[in-house]
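I've put the structures underneath this note.
What follows is a pair of complexes built around chain A, which joins chain B in one and chain C in the other.
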Partner chain A sequence: MAGTTTGTPTNVTQKHSKGGIGESMLRPDGTLKVTGEFAYSSDMWHEDMLWGQTLRSTVAHAEIVSIDTSEALAMDGVYAVLTSDDLPAVKNYGMEFQDTPVLAYGKVRHHGEPVALVAADHPETARRAAAKIKIEYRELPLITDEASATAPDAILVHENRDDHHSGHVPHPNIVHRQPIIRGNAAEAAKKADVIVKGEYTFGMQDQAFLGPESGLAVPAEDGGIDLYVATQWLHSDLKQIAPCLGLPEEKVRMTMSGVGGAFGGREDISMQILASVLALRTGKPVKMVYNRYESFFGHVHRHPAKLYYEHGATKDGKITHMKCKIVLDGGAYASSTASVVGNAASLSVGPYVIDDVEIEAIGLYSNNPPCGAMRGFGAVQACFAYEAQMDKLAAKLDMDPVELRQKNAMSQGTIMPTGQPVDAPAPVAELLRLVKARPLPPEQQWTTTEGSDVRALPGGLSNTTHGEGVVRGVGYAVGIKNVGFSEGFDDYSTAKIRLEVINGEAVALVHTAMAEVGQGGVTIHAQIARTELGVQQVTIHPADTQVGSAGSTSAGRQTYMTGGAIKNSCGLVREKVLEIGRRKFGSYHPAWANAELLLEGGKVVTDGGEVLADLVDVLEDEAVEIEEEWRHRPTQAFDLVTGQGNGHVQYAFAAHRAVVEVDTELGLVKVVELAVAQDVGKALNPLSVIGQIQGGTVQGLGVAVMEEIIVDPKTAKVRNPSFTDYLLPTILDTPTIPVDYLELADPNAPYGVRGIGEAPTLSSTPAVLAAIRNATGLELNKTPVRPEHLTGT
Partner chain B sequence: MRVNFTVNGRQQEADDVWEGESLLYVLRERMGLPGSKNACEQGECGSCTVRLNGLPVCSCLVAAGQAEGSEIVTVEGLADYAKHRDDSHPGGGCGSVCGGTSLQEARQWQAKGTDGQTGEGGQLSPIQQAFIDAGAVQCGFCTPGLLVAADELLERNASPSDADIREALSGNLCRCTGYETILDAVRLAAARQEETV
Partner chain C sequence: MDFLRPASWEEALAAKAEHPTAVPIAGGTDVMVEINFDHRRPEYLLDLNRIGELSEWEVGEENVLLGASVPYSAIMENLRTELPGLALASHTVASPQIRNRGGVGGNLGTASPAGDAHPALLAADCEVEVESVRGSRLIPIDAFYTGVKRNALAADELIKRVHIKKADGPQQYSKVGTRNAMVIAVCAFGIALHPETRTVRTGIGSAAPTPIRAKAAEEFLNAALEEGGFWESRKIITPSIAKQFAELASGSANPIDDVRGTASYRRHAVGIMARRTLGWTWESYRGEGRSSIEGVA
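For the complex of A and B:
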């Protein structure tokens, strides 16, 4: 035992543990994912399992007159057909408002709302049975926009509201209203030499994660249920599921299955309660897998928005004031609309210093599809509009658009319109400089020795041009996003860390409920444990509800929060290990009394690198285990009248330069390059950082030129619920994406990290729009841009 | 009905197949090969791409009965297929025959902390290893289909240009990566292939 403690001190040359933070470690689940062995929620299987199927409403707003399930029930292979009347307990759920029926009762409020459920022994039998359920509807008037929602005689989407916003909203069809008033915009406007106004429209975007909503519910002998699902937040699901099943939370045991992407679309419940209800009813395991058509109805989307902006500036380019109104359509159920409103309002000014503002954001209830969380969460829509305004302002001032932005760029110390000081680095001007300084991609890259390579041209393999009518444009944008849960939310994460000797080596076990949705949290967690505990072997326990909540994998918060929780718990484990060490070996070496001892390379070392003991000898057969919650610094709610309050945890910034080539005759756009610069605080894993930035950038590109859920304004029905009609960027639509990142540490965050996933989704869209405007000279106030917007046909 | 075909070199048979079942469904739910993914089930996303008698196809659009007597390669057999590329009878290598992933297996799954850097190299095909090394895997749902398509590209074009890669993979949607690392992975696999020739 303790061989090294009495011998000659050995210097540890490797100061940082291999595989610790800052390295581009590869994914621990990579091998499983490339061999097809990784078990996603749609891969779950159980002997004797049934298949669940929903029947969804064919109309957007109607009273349910009658439901006849008899024909479906009579089919061979059908085990259960359920309506709301058959639900065991609470009939509604919801993250912020409990306004969403598990199965519609009384009326349906949007196209594609679940009304009935079937369990059968084959998915096709279940589908056919669902089709035999007869529902009679009596259609109601539709609420589809702000005017119809707030008309004097407007029908109420939800009667008798009693949520936490119902007391202050100007109309029951408004979920939440957040004004922000600072300075005196009317007075400041008098100083403006130029004023620009704009009205902007942002389309409804779909998260379009590839792994469909799916999972397996297995009834347990104790009357409870074991649930295997893909979600962004196990504990939030649990809180909503248990009351609807009439079960105590401890009888609903949730385990994370493989998650095929999320992007906000899995923050709300989808099939979790439905499969559980069928499993409890039939006593058999029930698997549910939405097909793509159903997936378009099975999760919330990004809020479509109307944005009205006014900016003024003096002739030297100093912005005098900003007024805006942002109208977000939340659709039939609230989901996270209220928080999206808070974000849109508080970030509507963009990353600029503007002292005099008048801001109003509202979220509507309507009969359109429900909208909620998607990457960028309210900040995306605002960025599209304020960046268009910056270009308009620059044009009117005859100023370079980047120079105008830099002149008004915020920096550390700037006061937000909410009164909150930006107390960490805010390198807005520098990010713009970085993207602008990049050399432009060569002109006419389609030209080859053998003629034109149409694959490099707008229209691509459709062979619509060989370069004629093609015009290049360049555009810039920059954005600001909050990181983490805001407005006074008690946001925390929990990490259980166990350190013990297995087969002669100290091994750390990291157990959290963090949803790995592809972002690479599992990689980062192991890196943090290695850095903090100085061990090589780290095992990541599957995420489940047997450990405390990790909060949501959203809002760019998970590395900050669960990373922070792991760092914190590891620190506590280290203290305990050192206590044991002092007890056993304290008398051998005076350095044991030093408070600054570290764990490095499997050993206890002094900060000078002197080895005091091997972890194996300190621990022997003792295991040290800590489960602890960790919180970021508290935030405040925004005042409901003035919008004042230190509402946000942290801010993130990214800038883009887009280079596009437009076939002006056909209205086809090819994005040639989309350069991005972002401050990431600290890159714990550079490879993952770049992956997040590029992925976010392309989601922004999608909503710039192709992605939109089209809802018929006359019927409120979704017209394109498929990947045939809802277009996603393919590898042919996607440009080169060079990335520069800065690492300016946030002194308040663990390791100085800054949430990185969302910021690149903001400025990507307006940069592409700016480039298309630059190429065509068109105003383009709506995104996505479609060929007809460019050709006027 | 009963269907018979060869999957990853092994003769497979499924009984009581409903005529409307796709090749994808039979692979996933009846033959214990859930590696091929069901993301759109209408041939738009490529997540279910398999080789059918050598050709990359969306297995969601092939009726199981149409595959009768065919040779199928899925992501589960890709490493062996690549190893025996010149062999007329690709080696076996699919998992045990049951449906999907059993709960027992799912419960026992653990992300191991240390295999990432090496990727347990020897077992993988060059394109699989390159996807891990280049960071082309995030959520991984598109990965099986992309691997099958990219492997087929490299089989017929050992040093593809970027435009060739984009064209060959344009039927495979990825929502996480923005495709840059996927391009990196294919370039990397091609470069490594060249080194070994």
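For the complex of A and C:
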């Protein structure tokens, strides 16, 4: 029923509307982006603006002995050189823990941490001035892994912790620990006929969004600041920025500017506070744009992980128990590590029914680069490991790997290790069936009448094989991902909807703070407004902080949450419109008394389709405007000892089958096909759904065969901060990606939708690994796979 | 930084004589990256883009005279027959945009062991025509690379063009990278059969401080082919010869461990590429081979 704000689903009362939900509407930013005309946050310009530049630490862990800025300050064109001492107010920020210095003071904790800041009238002047700042460091011992973090005499990355997890962690260098105990794994293990164990390593992946961190801070006359930035969550930024500027939140006015990709990497603050501090200090607008090198230090990455798993099964393939320990390296600052730990623990069992489990996940503080949110958020690392385990188990049981998975697949009604029942469809076995049922791509597709087409071979254009050494492999994987913010977080979104007559036509204005990071949210929002209000003209207001929070564009939650908020607010607008109509025209037709009136084609109609009035006549000069918050069902925290709790909002499932050709002599891989099946609940925009699934699949492929930030364990320094050496898949690395999607509505979600962006990133990686193992017979416990691993060199 | 824009080759030589520290720039695909990263801050940039003749080539009786600025895309399109190895190498250079800008002169000027053109130039055999106000000279490719990112140019000299021997037999080029396109070489291998002189020449990239030839492998193979009468008989090279050639090629490599690959993988991969490319070229020579389609542009 309209009016509720607690996320009780409202049924679709509105019928199909042209350009409404379910249609493959094209995105308004698509052509602009492809033709290079889209204005990104790095394209902004302001008269009289200065350029901001950071100076970052050259060492990973050190005391700052001294900073000398005099030479930099003396340069022509330099307006300000700031260190932590010059900051106006609070010196730390952070999403979950306020542990991150705006500028380092006392010590630096990772390679590339910002220490000083310059504003100059030219970017090159700013860079040169930054290079003239002299910093003396006294290096400290490094914490680089679990052993060094928890050693008895380990140096503490953060002393005097007072965050909400500090009281229960076993060691101050552990950000958070989440155990989950259900049943009795030790007892259940006795029933196992076979047991498999594995130790797995997941490399550090980067979001590698193409638009680097950038924005413009403009000081305002009221002493406040207007900040134009590309971010994933305006209001979360605002909460962190305002205290560091010493300003009340209403004096920090944020507007979203063009976002060039995010994938989790823009959930934390980057240059927002830095540019604002410089703008307040100099009284001039300040623009900051990180270059690619700096971008690798300017945002958090996906947590690298070590995962230890044990599974047992009876002879007939029924899994008896699972034990695992997952160690996630959070790096120098917490970012969202604690939440990633909760996710990894609660989803570590995978989409399987296993009653007896013993799970432990920890997140470390270390001197490695800080890690936080990235598409898949803790579930990716777990899926890589438990799916490798499934294949090992199948091999040991001499059973088909898909059959083993199907035999143990969860379904609606399954109880998660956290005790939470899965109360929406969970078609895990069916998704596996769908990918398996697809015909395999033809063998040796490189063979042509004129010889070998190297583009279809491992090595591609580098011309390394014409078929020699090439072996095909096929692998499967399936995963489970939570959708939305978990563990009792009070998550909501806000939508302000205005309906009025402009130039003789009813027009809807949709105003939210949702970050459009490329996922297609603005397209969906217009579709929802068309469906709910029965109008054609929908304007999307730029996202800013003049409207309530939309929450983060992450966790696959925006269509569910801000889509839900828009649907809800539109429903309230509809009620108001009908009220006005009843007031004006109620006496003309008895049907006005009917509760089931709809808005369609710019008219008020009965559900039989009889027109009662034009919206134009109902509204006349009156604008109907509603701003309302909307929430999903509440969730619960996980118990810190047992891990029990209804922690998640919704689950999403995807399965992949990978077909690869491996040059077994050179260790090069060509992924030929990655077939996907996914339950999307309801496809509000089918084209967009397929785009998300294919994009997630390719991002998973990247970390299977090439993407990794390499950190030198001896120095904790990043060795490959460039696109020359941090490789992303090109179109020649991208396979055919056939997609099957199911639309099994989640009864708790608006329209039955399910978050779709993350699940395909999970199973893609282990499917590719499984296929490479199938081709080579190698164990391959680490991702990404490198040629060295395949050739034993 | 001063930006010098000579309108002619003579002006360019005069500018280089006057400012020996000037860094020549043509496509800018290397120099600009260095400048953007602030790895170098030259006093002068010497822009060669107004000198049209640097982008021209001439196919002569014996040689192709390849202007230093002829872009890789032009080599791929126009010189496949005359310079098959270099055309294959060109195809592995970066992206189409970069191939439209970059040329062999840049690779030679930078003299990075990872430059894609070097193994093909070494295998084909060529001379680099360099000139200064003092005059011009031809530097044999074997004497061109003098150290890590160092070459035999004098401070006042500019690279004008390369005199590359026209192919008198099959040539091949392979490069290992951990991506299927647009990737810097982990290591690379070039081979050219020269039936006229009954020799085989090779080139190795990214597996030693400079681009090198696998001399021991060449000498072994030349002797084995001669001894077995393979050039005349065109019979299949015995696997043991191919294997030893590969092992010797691998042994000539002197690679390092770096972020792109380990030394032992590079040594291994050079051997595999040597064996495969020898197989492909020899099969072509035997007249029975099927040529590959190296990506239809």
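Criterion: the second predicted complex is superposed on the first by the 772 of 793 C-alpha atoms of A that agree within 3 Å, B and C clash if a C-alpha of one lies under 4 Å from a C-alpha of the other, contacts with A are read in each partner's own complex, and residues count from 1 in each chain.
Operating definition for what follows: a residue touches a chain if its C-beta (ideal position, glycine included) is under 8 Å from a C-beta of that chain, and two chains touch if they have at least 3 such contacts.
Since the model is a prediction, treat every value here as computed from it, not as a measurement.
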| item | value |
| --- | --- |
| Partner chain(s) touched by A:G602 [first = chain B, second = chain C, both, neither] | neither |
| First, second, both or neither for A:P304, with chain B first and chain C second | neither |
| Superposition-derived comparison: chain B or chain C, residues of chain A touched | B |
| Which of chain B and chain C A:H466 touches, first, second, both or neither | second |
| First, second, both or neither for A:P425, with chain B first and chain C second | neither |
| Chain B versus chain C as contact partner of A:G451, first or second or both or neither | second |
| Contacts of A:L668 with chain B and chain C, given as first, second, both or neither | second |
| Which of chain B and chain C A:P787 touches, first, second, both or neither | second |
| Those residues of chain A which chain B touches in one complex and chain C touches in the other | 291, 453, 455, 461, 724, 729-732 |
| For the chain B and chain A complex, residues of the former touching the latter | 18, 20-21, 28-29, 33-42, 44-45, 47, 74-76, 78-79, 95, 98-103, 105-107, 109-117, 119-120, 123-124, 128-129, 131-133, 135, 137-144, 147, 163, 165-167, 169-183 |
| Chain A - residues contacting chain C, complex | 127, 131, 291, 293, 448, 450-455, 458-466, 468-469, 665-668, 670, 705-706, 710, 719-720, 724-725, 727, 729-733, 786-788, 791, 793 |
| Residue ranges of chain C in contact with chain A within the complex | 36-38, 88, 91-92, 172-184, 186, 259-262, 264-265, 267-269, 272-273, 276, 279-280, 290-295 |
| Residues on chain A engaged by chain B in the complex (per definition of touch) | 19, 24-40, 42-46, 122, 124, 207-212, 216, 218, 228, 255, 257-263, 289, 291-292, 453, 455-456, 461, 508, 516-520, 522-523, 526, 529-530, 536-542, 687-688, 690-691, 694-699, 722-724, 728-732, 734, 736-737 |
